[in-house]
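These are the structures in question, set out in turn.
In the two complexes that follow, chain A is the common piece, with chain B as its partner first and chain C second.
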Partner chain A sequence: MSVPGILAAVVGDPAVAELPRDTPLLSGGLALDSVTVVRLLAEIRTATGVDVADLDLDLDALATIGTLTDFVAAQGEQRDGAPG
Partner chain B sequence: MQIGIVGAGHIGGTLATLFTRAGHQVALANSRDPGTLADTVAALGPNAHAATAADAAAFGELVVVAVPLRAYPALPAEPFAGKIVVDANNYYPQRDGQIPELDSKSATSTGLLARHLPDARVLKAFNTINYAHLRDRGRPDAPAADRYAIPVAGDDAPAKAVLTGLIDEIGFSAVDSGTLADSWRQEPGAPVYGAEVQPDQAVVLLAQARR
Partner chain C sequence: MTAVATRLVKVVVWDLDGTLWPGVALESESPPVPYPAALAALDTLAERGILVSVASRNPAEVSELVEGSALAGRFVAARYGWGRKVDALRRIAAELDLGLDTLAFVDDDPMERADVERTLPEVTVLAPDEVADALSWPEFDPGPVTTAARSRVDSYRQRERRRSARSAFAGSEEDFLRWCELRATLRRAADGDRDRLVELARRTTQYNSTGVQLPAGGAAVVLSLADRFGGDGLVGVAAVSTPDGPDWMVDLVAVSCRAGGRGAVPVLLTGVARLARSRGAGRLAVPCRLTERNVPIRLGLKQGGFTAAGRTGDVATYALDLTDTPAYPGWITVTEQL
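Presenting the complex of A and B:
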């Protein structure tokens, strides 16, 4: 499942999957609380194998729907392309 | 609001100052005779009075517990029944002695207090902030997103809402960190512990915590 799809499932609102990529995940946007972010990152890890919190110390990835989608995609490619 | 503060050290004393200044009535207690707090409450002005721990708990609609963790078993449970209790505690083994349940991470320090006060509505807050920053860095005039964050854990949503309002009055932004079982995310050693950050960054640091 795509990151927007996972996000929509975690917040329980299918319309969230169709929001613009530049929608902020925190203040000024979806205003996710830490509990929801924890669940979101856990679902992303389960679905894609990418552990965002572990890989991104600043978590700039959590700025918007688009930055998170791109971060997960980039990490997934890096891992899939890595030898061994 | 009537507020009890049990523990007149750095955090307890600072909160007494901030809450009385915001117009609340504060009963302040330490582990000794209330007479030992005469100078302290005189400096706080007419909104404050000294009390025993039991009387401070009985007085407050909301009661802050800011005593060392090792001292909580001496608190009488009965006057805390039904009260919103804000635990500012941290487990420091060098000070408190080893507590196996906390060393094994099978409990949280605030969970232990909640077990000791079974009828209280226990929250955890004010444990991550340096008292001097709490004293000096509240910005009641600033937008919530620009203020420093104070994580709040707990299972009782209406109690959290009351504390969130108080935190707002003293110029900080409360950030919901989850349930009491999740409160390890703001314990010593966690990324948000001691971090002076705005609410968004606090959410990120809380999400980043590993046990």
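Presenting the complex of A and C:
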């Protein structure tokens, strides 16, 4: 499942999957609360194998729907392309 | 430094019919009379500062029966209605800002228990007749119980009022905090704070930097919060075991989840940064374990201007340069007694 799809499932609102990429995840946008952010990252890790909490020390990926989507895609490719 | 191993149950979510009282309350002509054993368990939980909530498939009218019974005023974040208990539990956790692994769920229906066990394995699931025994398990033992713990239900009710005001408020999060007249007091920890600080270090997981116990020596800065809805008391601590030299390191930051959503982390660390700078330090460092659970505290560090400066294993160090005096956010009034 895509990051917007996972996000929509976690917040329980299918319309969220269609929001613009530049929608902020935290303040000024979806304003996800802390428990929801933790769940979102756990669901992304389960679905894609990308552990955002471990890989993105400054959590810059949590800026917008687009930055999170791109981060997960880039890390997924890197891992899939890694030798061995 | 010892890692805190046992997770604590912070809220016990009860089914109503057949669990808290016999029969189906809405089909009965007299108000429900709770099982004595359930009532005794609720009393024990209240003494320990553990919250109680409700997940019932009854329609919301049943809440009037609850409030008209011996159970009045005990529950927070109750969920009623015909939906999966799993969803009710998720909502209760979200509303209270607690992780699902701090929830226990009591239901007489084996199907409901099985569904929760399968879907949310982190929740402690109990049949009603297991509750008395469970109360002696370590996860139901919060250690020394402080005044803050006993008033926790009041504090969560305050929070429900704040939440409903927030959903009616049209402005931004920061405008809302300003409207709430959010006030913080920062001071040095005193001997009398010890029990509360140990409790904070032990209870917090989302807003806990290292998961270690409170260091005994050094300096600790403590944070209290209040706003127009009431006071939360002491809700945060930052401990510095060697408060000297050009580099200060914060061994532990622990903030109550009741306060974490209201900027407690950046405010507390800005206070420590200002104290460090006034003592001649040039940099403040905060080591932080990289778990998924404590992502909220890392977002708080980011909000306070900290950036990652390095990593060793599963611990990253976040640092703030103290060339300029860090300023408090504009949406809070801070009283400094450092």
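Convention: the second predicted complex is superposed on the first by the 84 of 84 C-alpha atoms of A that agree within 3 Å, B and C clash if a C-alpha of one lies under 4 Å from a C-alpha of the other, contacts with A are read in each partner's own complex, and residues count from 1 in each chain.
Please note the rule applied: contacts are C-beta pairs under 8 Å (C-beta built on N, C-alpha and C of every residue); 3 or more make two chains touch, one makes a residue touch a chain.
Computed from a predicted model, the values in this text were never measured in an experiment.
Asker: Tell me the contact category for A:27 with respect to chain B and chain C: first, second, both or neither.
Answerer: In the superposition, A:27 touches chain B and chain C alike.
Asker: Once chain A of both complexes is superposed, is A:53 in touch with chain B (first), chain C (second), both, or neither?
Answerer: Once the two structures are laid over each other on A, A:53 reaches both partners.
Asker: One more residue to check, A:37. First (chain B), second (chain C), both or neither?
Answerer: Once the two structures are laid over each other on A, A:37 reaches both partners.
Asker: When the two structures are overlaid on chain A, which partner does A:18 contact: first (chain B), second (chain C), both, or neither?
Answerer: Neither partner.
Asker: Just chain B (first), just chain C (second), both, or neither: which does A:80 touch?
Answerer: neither
Asker: By residue count, which of the two partners contacts chain A more extensively, chain B or chain C?
Answerer: C
Asker: Both chain B and chain C touch chain A; at which residues?
Answerer: Touching chain B in the first complex and chain C in the second, residues 26-28, 33-35, 37-38, 41, 53, 57, 59, 62 of chain A appear in both lists.
Asker: Under the touch definition given earlier, write down the residues of chain A that touch chain B in their complex.
Answerer: Residues of chain A touching chain B: 26-28, 32-35, 37-38, 41, 53, 57, 59, 62.
Asker: Which of the residues in chain B end up touching chain A in this complex?
Answerer: 145, 151, 175-178, 182, 185, 199-200, 202-204, 206-208, 210
Asker: Quick check: in the complex, which residue numbers of chain A touch chain C?
Answerer: 12, 26-28, 31, 33-38, 41-42, 45, 51, 53-54, 57-59, 62
Asker: Considering the complex alone, what residue numbers of chain C touch chain A?
Answerer: Touching chain A from chain C are residues 87, 93-94, 97-99, 172-174, 206-207, 257, 260-261, 290-293, 295-296, 298-299, 302, 307-308, 311, 314, 316.
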